[in-house]
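Listed next: structures, encoded as structure tokens.
Two complexes follow with subunit A in common, the first pairing it with subunit B and the second with subunit C.
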Partner chain A sequence: MLRFVLKRAASALLTLLGVLALVFGLLAAAPGDPAAMAAKAGARASAVSPEALAAFRTLYGLNRPPLERFGIWIVRAARFDFGISLSDGRPVGERISGALPATVTLNLAALLAALALGVPAGIAAARRPGGRLDRISGTLGDALFATPSFVLGLVLLLVFSGWLRLTPLFSDGGGFRGYVLPVVTLALPTAAFLARFVRSCVASALADPAAAAGRARGEGSGAAVRRALRRSAAPFAAMGAALVPSLVAGSVLVERVFSLPGAGGLLADAVFARDLPTVLALTLLSAGCVVAAAFLADVVSAVLDPRTRDAAAPLAPAGEAA
Partner chain B sequence: MNAGRARTWRAAALFALFPLLALLASVLAREKPWVETKTGETIVRAPVPFDPDAADLDRRLQPPSWKHLFGTDELGRDVLARTLHGARVSVAAGLLASALALFLGAGLGAVAGWAGGAADRGVLFLVNVVQALPALVLVVTAASFLPPSFLVAAVLIALTGWTDTARIVRAEAKKIREAPFVDAARAAGASAPRLVLVHVLPHALPPAVALLPYVLGAAVLTEAALSFLGLGAPPPDASWGRALAEARNLLPGAWWCVLPPAAALFLLVLSARRLGDAAASRDVQSPSP
Partner chain C sequence: MKRFAAAALLLALAACGVRGKDQTSVIRRRLDGEPKTLNPILATTDSEQIVVALLSRNLLDYDENLNLVPGLAEEVSDSPDHLVFTVRLRPDARWEDGTPVTSADVVFTLNAVMDPKVPALARRSFFEGLVKAEAVDGRTTRVTFRTASAGRRDAFNIWLLSAAAWKDGDLATHPRNRRPLANGPYRLGSWEPGRTLSLVRNTQYAGPAAPAEQVVFRVVPETAPAFAGLLSGDLDEMRLTFAQKKDVDAKAGTPGAPRAVTFDELSYAYFGWSNRSPLFSDRRVRRALTMLIDRESIGRNLFGGLAKLANGPLPPAHWAWNAAIAPWPYDPKAAEALLDEAGFRKGSDGVRHKGSLRFAFTFSLGMGSDVQRQMVELAQQSFRKAGIDMKIQPLEWAAFATKMDAGELEAWAAALNLDPYPDVGVSWHSAQVPPTGLNNAFYRNPEVDALLDRLRSTFDRGEAFRLLGEVQRLVHEDEPVSFLNTPLTKWGVSGRIEGVRSSPYGLFLFWPGASAWRPAAGSRPIS
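Entry: the complex of A and B
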């Protein structure tokens, strides 16, 4: 078991390193000079002198070869030092930790809401496959799943903030009420995904011989559902990991739609300011979340189901883009 | 079975509507009449007689009326005309990105499945790396350092969208490699590239093609998200994502600017997914839970 965990951890770290190399390589290969671009994005109208640009490059180490820069960046990132933001001169770590509470609140609340909504819906649908409830939740789930998060968010914003005036139009500084719509926006498609997954797990478990044996012993359908859920624990873990990328990508857009001051909004802002250190740190953070979730899912399913320990566990399927 | 077939056709018809609208947008929505006299008098006007880019500051933010069925936006442009023209960006991005992704995924997957060994491990590592970043984050990060253009966006989306295709083609190629007809071809003296291209790839492709509608739907979503964040095709070309970003700033007014692009985007993605579901239920492999 320990060997399995260590092996998985090593491959997770390697994947993370690969992600960073990919992003760094992309940025190094991209045409244009980051110093000039940051200057252009930051300067009002005046041109920036060549001396200032050179000083800027030395300050941020942009005049060194890319491979050396990559090495330095990795070593510093391992100590949680992500450098200084190109747009406001504050340490990147400080900016991100300022933005994280909003994002973490949003994601956790959305996940809880999705679980509270999706799991009962999935179980109810599985009890009567093809029944009215199953068809309704299937159609609704399909529709929700195809709705881009920012489109759903905009429509909710239009109805609840624009027409009914129940929630604030901008969530920054809106307090609790400002979180309601973003959480609902992020939770609904996730709940649809969950409901579909739980439905297929429970329905197939209810149809198998073990459930028939239970019925013959006189067990109620509640016990059968409980046993079905326990048996699908391992795929459940894998599915949880698959949700992380879509939540991360979703929160970039949802924070933007509701102008919630979180890490996703910060990424969008940093991208506009061509603020390389902030973009890199946030990329590392989101890749770290995804890789850590996949790693945890592997370990959890190995604990629950020893058969998966030997298999070359595939990474969770890619989540939706938005 | 019959009901399933009818559903497939409905999904395909709804989906086909969008490329059709994209192709016909500049005919359906234009200021120039369809038929006019030599002196320039209109005989038959276009169904939506407005140029999508023609600003009319005297008619800013007009609610829907008989003249402007979907109202006008901040600059007095006709929302219906812009929504029609917006189909071009979304459809083109979806088709181009998913075609590139199929090309890339099928190529890398076939090589990995056929060659095995180091090539296989390398491709799998690449798949893991690309999937470890949410597609949107990777595309946004890269788009921030590249000039904003439609082509750049489509290529970036393809670079994140090929992984599922590669996995499926790889698995198929691994199976087919052992098939007797491949042995026969090898015994007949076929070269390795010929074996892969002529004997393995055609058999490995069907499940990857069945996956294509999902890849396309995801590509359309990513493009719209990119445009929404202001990183897609640059203005003034109409695009649904950017139209939504502009409409967001107009809230709580101008609801007519939000709903048309939102509905169009929703229907395009929904029909692509429906088509994928239909294809998957007929095919051996079902790609997503």
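Entry: the complex of A and C
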């Protein structure tokens, strides 16, 4: 088991480095000089002094070769020093720590809400495949899943905040009410997807010969469902890991619609401004979460289902006892 | 019973307290992006400048007619040779901590602008040729330049840094950039990054007290929620799209409804043509392209009639605009005749050719403006009928701007926003081609160059008016780019806000601008 964990951890670290290198390479190669972008921000047709542009580039190390800049960043990041933001000269860590609470709150609440809605809905639908509840939840789920979060969010905002005034227009950090609509917007499509997935896993497990045997022994439906959930643990864990990146990606748009000052909006602004230190730090954070989630999912799967772990182990040489 | 009454009274008072201070004296404004700095000489974005405009007075301010008027300086005079400027500060100018604004602050600010380590991107070019700034006495500063330049006085439309507050540390990353010291009608109250930025009345300001006790800026990146906020009273102002203005006009007269304010600004939209390209090097071709674009129809349909035709390199709001120049008319027949005359004749494929040169090109635009995209598509249809094959290439904004500034685009759509006293040569002099200048079309006309060179040392406004008029006439004749139109700027303002005036420089960057905005007596924002 330890060997399995160590192998997975090493693989996770390499993946992370690869992602960072890829993001750096793409952004460094993309057209757009951060100094010129900052000068153009005022958007007046005046000449910008070459000396001022040079001062900007020197200040933020933009006059160094790309590989050197990446290397410096990696070494500093290992000490949790993510550099200075090109946008405002503040430490990147400070910018991110200011933006993270909103994003973490939004995503955590959305994940919990999606689980609380999607899992019971999926189980209920799986109990009677083809029944009324199954059909209604399927149609509703398809509609929610197909609706872009941006559109859903705007509609909810205009109806509940603009017209009915039940929730605030701007999610000001003014407590619970300010998060209701953003969480609902992010959670609903995920809940729909989750319900479909849970329904499929549980229905498949309920149709399994083991379930039939249980019913023959007089087992109740509750016990059958619990067994079905246990047998579906591995795919559930994998799904949990896959939900995290999709939620984080979705929260970028949701944060913009509801004016939530989160890490998603920070990332979008940093990409447009070619603010590499901020983009890299946020990539490290989000990719780190995804990689960590996948790592945990693998470990949980290995614990719950030793076949997963053993399948990863090398074949025993011929002649050795199994 | 008494205890119960006392508790009820306390609860009632607490409930009032929960509501906050008297909301009548608060103005709620929108920022479409987070300010990154409030350092007056580093501020570049609109979000930053409109906040700093309430915290600081310029040495010289622009009034609503874009005349330079005293601000922090009671007088800025120049020597007969225009090389030495004397800045005399008002005796009552003070920072928010009560200390006087002195010549030491002026010297510090100008030295900072010229410091090679300070990225003063928006200010430095105005002080090119600065030799030294020296304090003569506590209120007087002598500023010496190496060369004389017309329009140099406009450089003193500059906010100041407090030498005492900013002297220690790196200016680019100084903590004061987020806690600036104010000398204007408001000072910084609080700043919740990404959420709100609150200004409060500066009691040390020597001028008339700010009409509102507090101005709260809220960061709302998306226009749809912002518009909902304007309609509900959660916001008191925002820039409007054409569709939003129609909504506001439809609600006009309803109690509490916002109103639309429209005004000319110093800007215009254009289609650029690389004059280096064999397709666009002939001015007959460029004129033909302009005449193939139905700009009046675009103005009616895409801008709701709120756009003026552009006729050259200066917009109608500019003091030197040459009104005598008639814009090129929409005339597809005449345009095709010009193309024929220039040697581009229709081939069997329906596309014009000049020898082996096919009239086909790529037209680039930055993503983000639906109206601009629609203008380009309308032009594409019109060009196609005339035998011109134009492919549209939308580009991410940063990529588009980089390529445009590098002169790498063949044809593009853009807009120019001008300063009140713009150096027109930056965009049209043949020496100002990329990467040093903004002549992205690579336009060349020696006669125009000579006039632009003369303008730099023409200090008489009447003579400058005449020369600029001639520049506009010549550029119009050459039509290096297709000058399209100047859309009127549309702004939604809450019905409860009075004292709103506009200028060609917008609503906020002239004096008194938004510092004169006041909530109407008896009005109350909905909260």
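Note that the second predicted complex is superposed on the first by the 294 of 322 C-alpha atoms of A that agree within 3 Å, B and C clash if a C-alpha of one lies under 4 Å from a C-alpha of the other, contacts with A are read in each partner's own complex, and residues count from 1 in each chain.
Rule of thumb we're sticking to: a residue touches a chain if its C-beta (ideal position, glycine included) is under 8 Å from a C-beta of that chain, and two chains touch if they have at least 3 such contacts.
A quick note: this is a predicted structure, and the numbers were derived from the prediction, not measured.
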Query raised in the report: Which partner does A:Arg256 contact after superposing on A: first (subunit B), second (subunit C), both, neither?
Result: both
Query raised in the report: Which holds for A:Leu53: it touches subunit B only (first), subunit C only (second), both, or neither?
Result: second
Requested in this report: Have a look at where A:Leu22 lands relative to subunit B and subunit C in the superposition and call it first, second, both or neither.
Outcome: first
Query raised in the report: Taking the superposition as given, does A:Thr283 touch the first partner, subunit B, the second, subunit C, both, or neither?
Result: first
Requested in this report: Examine A:Asp142 and indicate which partner it touches, taking first as subunit B and second as subunit C; both and neither are also allowed.
Outcome: first
Requested in this report: Classify the contacts of A:Phe4 with the two partner chains as first (subunit B alone), second (subunit C alone), both, or neither.
Outcome: neither
Report task. Go through the superposed model and pick first if A:Ala99 touches only subunit B, second if only subunit C, both, or neither. Result -> second
Query raised in the report: Which of the two partners, first being subunit B and second being subunit C, lies in contact with A:Leu169: first, second, both, or neither?
Result: both
Report task. For A:Val291, decide between first (touching subunit B), second (touching subunit C), both and neither. Result -> first
Report summary line: subunit B and subunit C footprints on subunit A meet at residues 30-32, 37, 154, 157-158, 161-162, 165, 169, 256-257, 272, 274
Query raised in the report: Taking the complex as given, what residues does subunit C use to touch subunit A?
Result: 33-34, 36-37, 44-46, 49, 115-122, 124-126, 128, 172-173, 177-178, 192-196, 218-222, 224-225, 228-229, 231-232, 234, 396-399, 401-403, 405, 416-419, 422-423, 426-427, 432, 436-438
Report summary line: Listed in rising order, subunit A residues that touch subunit C in their complex are 30-33, 35-56, 58-59, 84, 87-90, 95, 98-99, 102, 154, 157-158, 161-162, 165, 169-170, 172-173, 256-262, 265-266, 269, 272-274
Query raised in the report: How about subunit A: which of its residues touch subunit B in the complex?
Result: 14-16, 18-19, 22-23, 26-27, 30-32, 34, 37, 142-143, 145-148, 150-151, 154-155, 157-158, 161-163, 165, 169, 196-197, 200, 239, 245-246, 248-249, 252-253, 256-257, 267-268, 270-272, 274, 279, 282-283, 286-287, 290-291, 294, 314-315, 317-322
Query raised in the report: What does subunit B use to touch subunit A in their complex?
Result: 125-138, 140-147, 160, 163-164, 167, 217-219, 221-222, 224-225, 228-231, 244, 247-248, 251-253, 255, 258-259, 262, 265-266, 269-270, 273-274, 288-289
